[in-house]
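The following pair of complexes shares a single chain, chain A, combined with chain B in the former and chain C in the latter.
Coming up: the complex of A and B.
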């Protein structure tokens, strides 16, 4: 089962960097993320689960933080990107995604790899070309139209 | 609509959907399924079988989709029960689903569609909710037990006094008897020895009663409800509080109405309610010395029209100060000195009473003092709502309502035990024909099981009064005596479906009830 939700916060003036870890579900206490800052950077790198209760609470958190703050998501795992694509309200006009993980496949060792890519690397809805350590190309392991759907809505 | 258009539509749905060939090779997954089951287009191209994706939780054993075979065989949509499965990639993370499967046939190209309804979050929340409710109930039971112990603690002084008196008498008598017996009693002394032993025995029996009452009060409460004569229960409490009452120079008088006051409750819990209310009245009276003396009246009454039962504890003490009235049911609120009250007595009473569908409130006693009124629903309503709720939680079947009329609570309890074991039966007990008649139509009763002879009206007369009613329940009559004459009276009554000669075994009772439901008549 996914671990307990934790937030490690670092404050830089009016900006807060929040490293999230564990499961965003009905037990996750999002109240520990304080309001009142002008800029929020959420690092999802260690989030291992999000369910419908967690999504509801996350949207409630965004409502609480308000529309005047600047929000950045970084290192979003595949589960977060998939939820962003399926649920309205996860991305707001004041929200940007700095980078996220995308699924690639390396045929040589027959291995699925999650590659961290910058949002700006996506051009015309196409996954950026990636290579393995030997310089051989990796195959994008999802349907681009669907996986990068959130960029169209932005 | 082309296949592409159809598949694009499926991509818009939030529910995972898979399409397979007859041999369970996956040919299509919508976006939700690709996300949920981590299936990439590459995996799909490589020829993916259902057994590659789904396993039994915590194992490598593939999940068998029998529902697809059934759908193919019947050519009808099939819905599964709740299933528990995991992904082969992550066998330790499991999901709960309900599946719907159907087969789409076209030109020898059968496609099988599986729709997944995800219940995982709902199931986990349900389990958490159940566990938390259980913890709360356990916590509540502990609070109730703690309150009992606190009450006993407060009573210890008067109880030890009450026990030491008969102990002294018993010890003295035994000493005298021993002296008279040593070395050989004279015949003239035998009568004295006998009296000494009798007195000692009587005193020890008084102590036995006190301890037995205490044990009954301290008995850890179970959730089980039964039919209880509240008058007997009240007498037990009056007896247990005897020492406290005498020590505080209070007169406690029962004022019970002549009618049966039978409730469908848990006797241990209601004992605690009575105990708390009377003890509160004693404590309130300790602060004053009314001209007419310290008095408590314990009323038990029944509202004949609505069937409600009332327990009233009336005192002529100082009453409840206006500022406290709003707060008396708030946990830990107390007007007593520190160490004299936990502030939990009345909140516990309220919680217990409301759990039985009742109400509790205070009123001013005319002429001064306080009256606490506890209202319980009539036993018919109480038993119906309790048993019907229990049935609903176990089964989706419509319950068969069986109304049993008997003026003895013990008989109702025995029959409740026998009939309650049948999962589809809802037992409704009643001690009064008048109350029973009121609820027959209200609850759409299926069977009435009644004694031929019951106070106020016979079971046969009751069956007769319904005999011309097309909605009449079936009547089964019981008797423990000779009934030849009475039996003649039931000839021609179509709504009488059976007769039971007491005593009878459980299997005979159940057979008779089931036979009545089928329309047969047994005797």
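Coming up: the complex of A and C.
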């Protein structure tokens, strides 16, 4: 559930890996993310909420970091992807999404599975084919044009 | 002098141009002054003329007679004079001629001759000589001459020589003519007069110039003497200057006289006066004269006296001229005096006329100066009184008009107090009619709907007229303010006695000067329960319909006698009881004022309760409007022209036997709808769908959208523009198109995605909700048995924890996992909006909008934000409610559209402006309930789907409901 925003950073020279958790909202202290690095990798795996004010602040963060830095998003939850698709400015020319969670449906247990897929695995706007443990194909449980919209929306 | 006076000129002739309102003004006005002057002048002139004419004629006649007499007298006088002279001479000669003979014998002839001369001298006759001619033949000489003095101008010798010739001729003639002759010797006229004196003939030659001179002394007549033989040379004229002046010659005169004598039958013996025209040959013109003529037979002499008529009537003409001049002077004097008099007479009239003109131009109250003591001054006084009276009456009329105008305005204003005569709420109908006994009445009725409750109020203020109307205004305003009262006191809708107490409080403001009776009824559309409270009003009638039997009988009407309290405005702290009953289908409540049963016909009989019930029975009690119409028609017929003494009001609240909704549909072929399914679902809710082709009479129009062309066609545009308020859009298009091209362009309040999992339920529910209600709360979407959790939010810091808490209450394991994220995101967004963007300060400005969102805002006590979350088998529902009512449909659509155009957060300290966009995008259906300035509720519904794809493929629905007092005429 949504909660306090936290950043766990790991610096590798001019690169910083920031593991984000909690809710990115108006209360999130994005100042925790320092400027000055050449490369930023943001791990959204534990982000459970991002609201419109959080998005605005995040865009402000991106402005602060500058357009010369290289920013990578990884392990983006579906909600983040959906909001990336809905909001302009989340993805910049210097921003890329390394991987993200996509919904698949496993017909056998008849339930949804969140599968972490790589952006590079998406070819021609199609979700990569996935199989369950039994080797049965999983059904991509989203509208591809909609879900992968961020790939065009830079 | 007076002609230089413009007013004088004007008084003679006024030329009035016809213009403006004085179209009846004569073109030419002849002033009174002129008339008076004209009258005076006419009378005087007429008198003068009559006098002059008569007098002059008289004078003329008199003068003519005088002249005639004078002329006649002249001629007579001349004749007499000549005759006298002749006689005198004869006498003398008779006396002395014998002496001469005797003296001849006696040889004293000389002495006798001397005596004769002396006798002649003594006679003073102008005898120049007498030739005595003897008639005896024995006397060879027979001539004696008696010479007397001659005038110096006549030479003796010449005289003697001439007359000796005459003597010789006479003597030698055997029958000498014994007629006179006249001769002209230079300037002397000589008359030769033969006289028989015994045996002798005396030729007397005497001067008659003196005679001419004597009778021509006044130079009035021209004396003419001529012997009967009319020899030209013997024609003696007297003074003829006048004739000469007029170029009348002697020859002209002579010719004219001879001509006249030849033509006329004049008796030579008579004396006459005649008119003669002398003709001037030179001038070839006539010269009229008056001629007196006499023939002296003794002397054989014509004696004429001529006088020119112009000369003769000179005096007359003189008199006429003088009369004319005098008349002119007198007329002028008359006019002058007339002007003076008229002025004095007409000045007050002119002043009055001027004042009257001013009065006619609208200067009421103007007065004219009063002068004199006559009828005109009396008229002026009366006029002044009239003018002032008119001013007074005008003032009173203005006041009356003002009062009538104000009464008309009051009547007009009061007419706005009344609702439209008939309103069908589907489940129930309310119809009413009111007829005032005067311009403004003391009855009032109103009907309002709040949620699923219908409130009916009927009032009757004491009396009628302006005072009673003011009382009804009090009732109207009080009921109208119920909207804000109910906000803080929602229990008012549970108990009509509360509303009655509230009305009583309002009526007490009249301090007991006016009282009012009233009945308040509240009908619950959902439960069918009717409650009423009575403040000494005519008890309403309950009509109980018979099941499966349309016959109406008297015993079906039950007067509701309970729950009666004091009149409104009578007693403070009055508590009003209420009674309740269930209305089945077809049952009705009949409210009326006492004027209904008390109205009289021309015979003075009242309509009465019996006729009232009969009228209701005759109406068959089928629908509220026909019931009211039947009662009023029967009352009108009963009155038969008799004016009502009291206001008449009848109101009917009836639970419809059948709740029918007329619907039409406008569907493209590619889109289908199972109307039967929809009909069944609505029927289960007590609503009957009735199809109609008439878009005007349809209460719902289903509009299908399958492609953009379905919107862009002209017919679609026209329909959406004309009937947006009753259009239910069923769309298969994307949310983007639905928002941009349907909801923001047309004032449509309902859009359902065609692929909604419970499409028909959703449509039926929204129709029912709009018709019956209630609209508030997610319970209406989840059903009574659904689990609903509610949290009150007092501070920003409570938002996320409350949302997390709520979501944990519900098992969402059977749904796609992101649903929780949707719930969380939408809840947080809606709560943030409610907390930061809803609250207003007393001026109406947003109180917390500009606050930085990080601020840990704590709401004040009266600022309520509530989140509710619930779930049934089909949906998860959440609602966020605030008590400010600031969010409108337009704001919501605008917010979403902005983000569709430019999906970037707003910068600045306020919100990011994307919350509603997220709510719409992430939910299956978004519902906005607004009670203006009072309350806002945003409900988001999330279809419970296992498959996110299916969830995402669903076209989102949007519904808007507006709450508040719904005066009849509003269909939500």
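What we mean here is this: the second predicted complex is superposed on the first by the 152 of 154 C-alpha atoms of A that agree within 3 Å, B and C clash if a C-alpha of one lies under 4 Å from a C-alpha of the other, contacts with A are read in each partner's own complex, and residues count from 1 in each chain.
The working rule: a residue touches a chain if its C-beta (ideal position, glycine included) is under 8 Å from a C-beta of that chain, and two chains touch if they have at least 3 such contacts.
In this text, all values refer to a predicted model and were calculated from it rather than measured experimentally.
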Thinking of the overlay built on chain A, is A:141 touched by chain B (first), by chain C (second), by both, or by neither?
both
Please work out whether A:23 is in contact with chain B alone, chain C alone, both, or neither, and reply first, second, both or neither.
second
Looking at A:59, would you say it contacts chain B, chain C, both, or neither? Reply first, second, both or neither.
second
Is chain A touched at more residues by chain B or by chain C?
C
Looking at A:103, would you say it contacts chain B, chain C, both, or neither? Reply first, second, both or neither.
both
Contacts of chain A common to chain B and chain C in the A-superposed view 1, 25-26, 51-53, 82, 86, 103, 105, 112, 139, 141-143, 146
Under the touch definition given earlier, write down the residues of chain A that touch chain C in their complex.
1-3, 23, 25-27, 48-53, 55-56, 59, 77-79, 82-83, 86-89, 103, 105, 110-112, 114, 139-143, 146
Chain A contact footprint on chain B (complex, rising order)
11, 14, 31-32, 34-35, 40-42, 93, 120-121, 124-125, 128
Complex contact set, residues of chain C against chain A:
800, 803-804, 807-808, 816-818, 821-822, 824-825, 828-829, 832, 852-854, 899, 902-907, 911-915, 917-918, 921-922, 946-949, 952-953
Under the definition above, what is the set of chain A residues touching chain B in their complex?
1, 25-26, 51-53, 82, 85-86, 103, 105, 112, 139, 141-143, 146
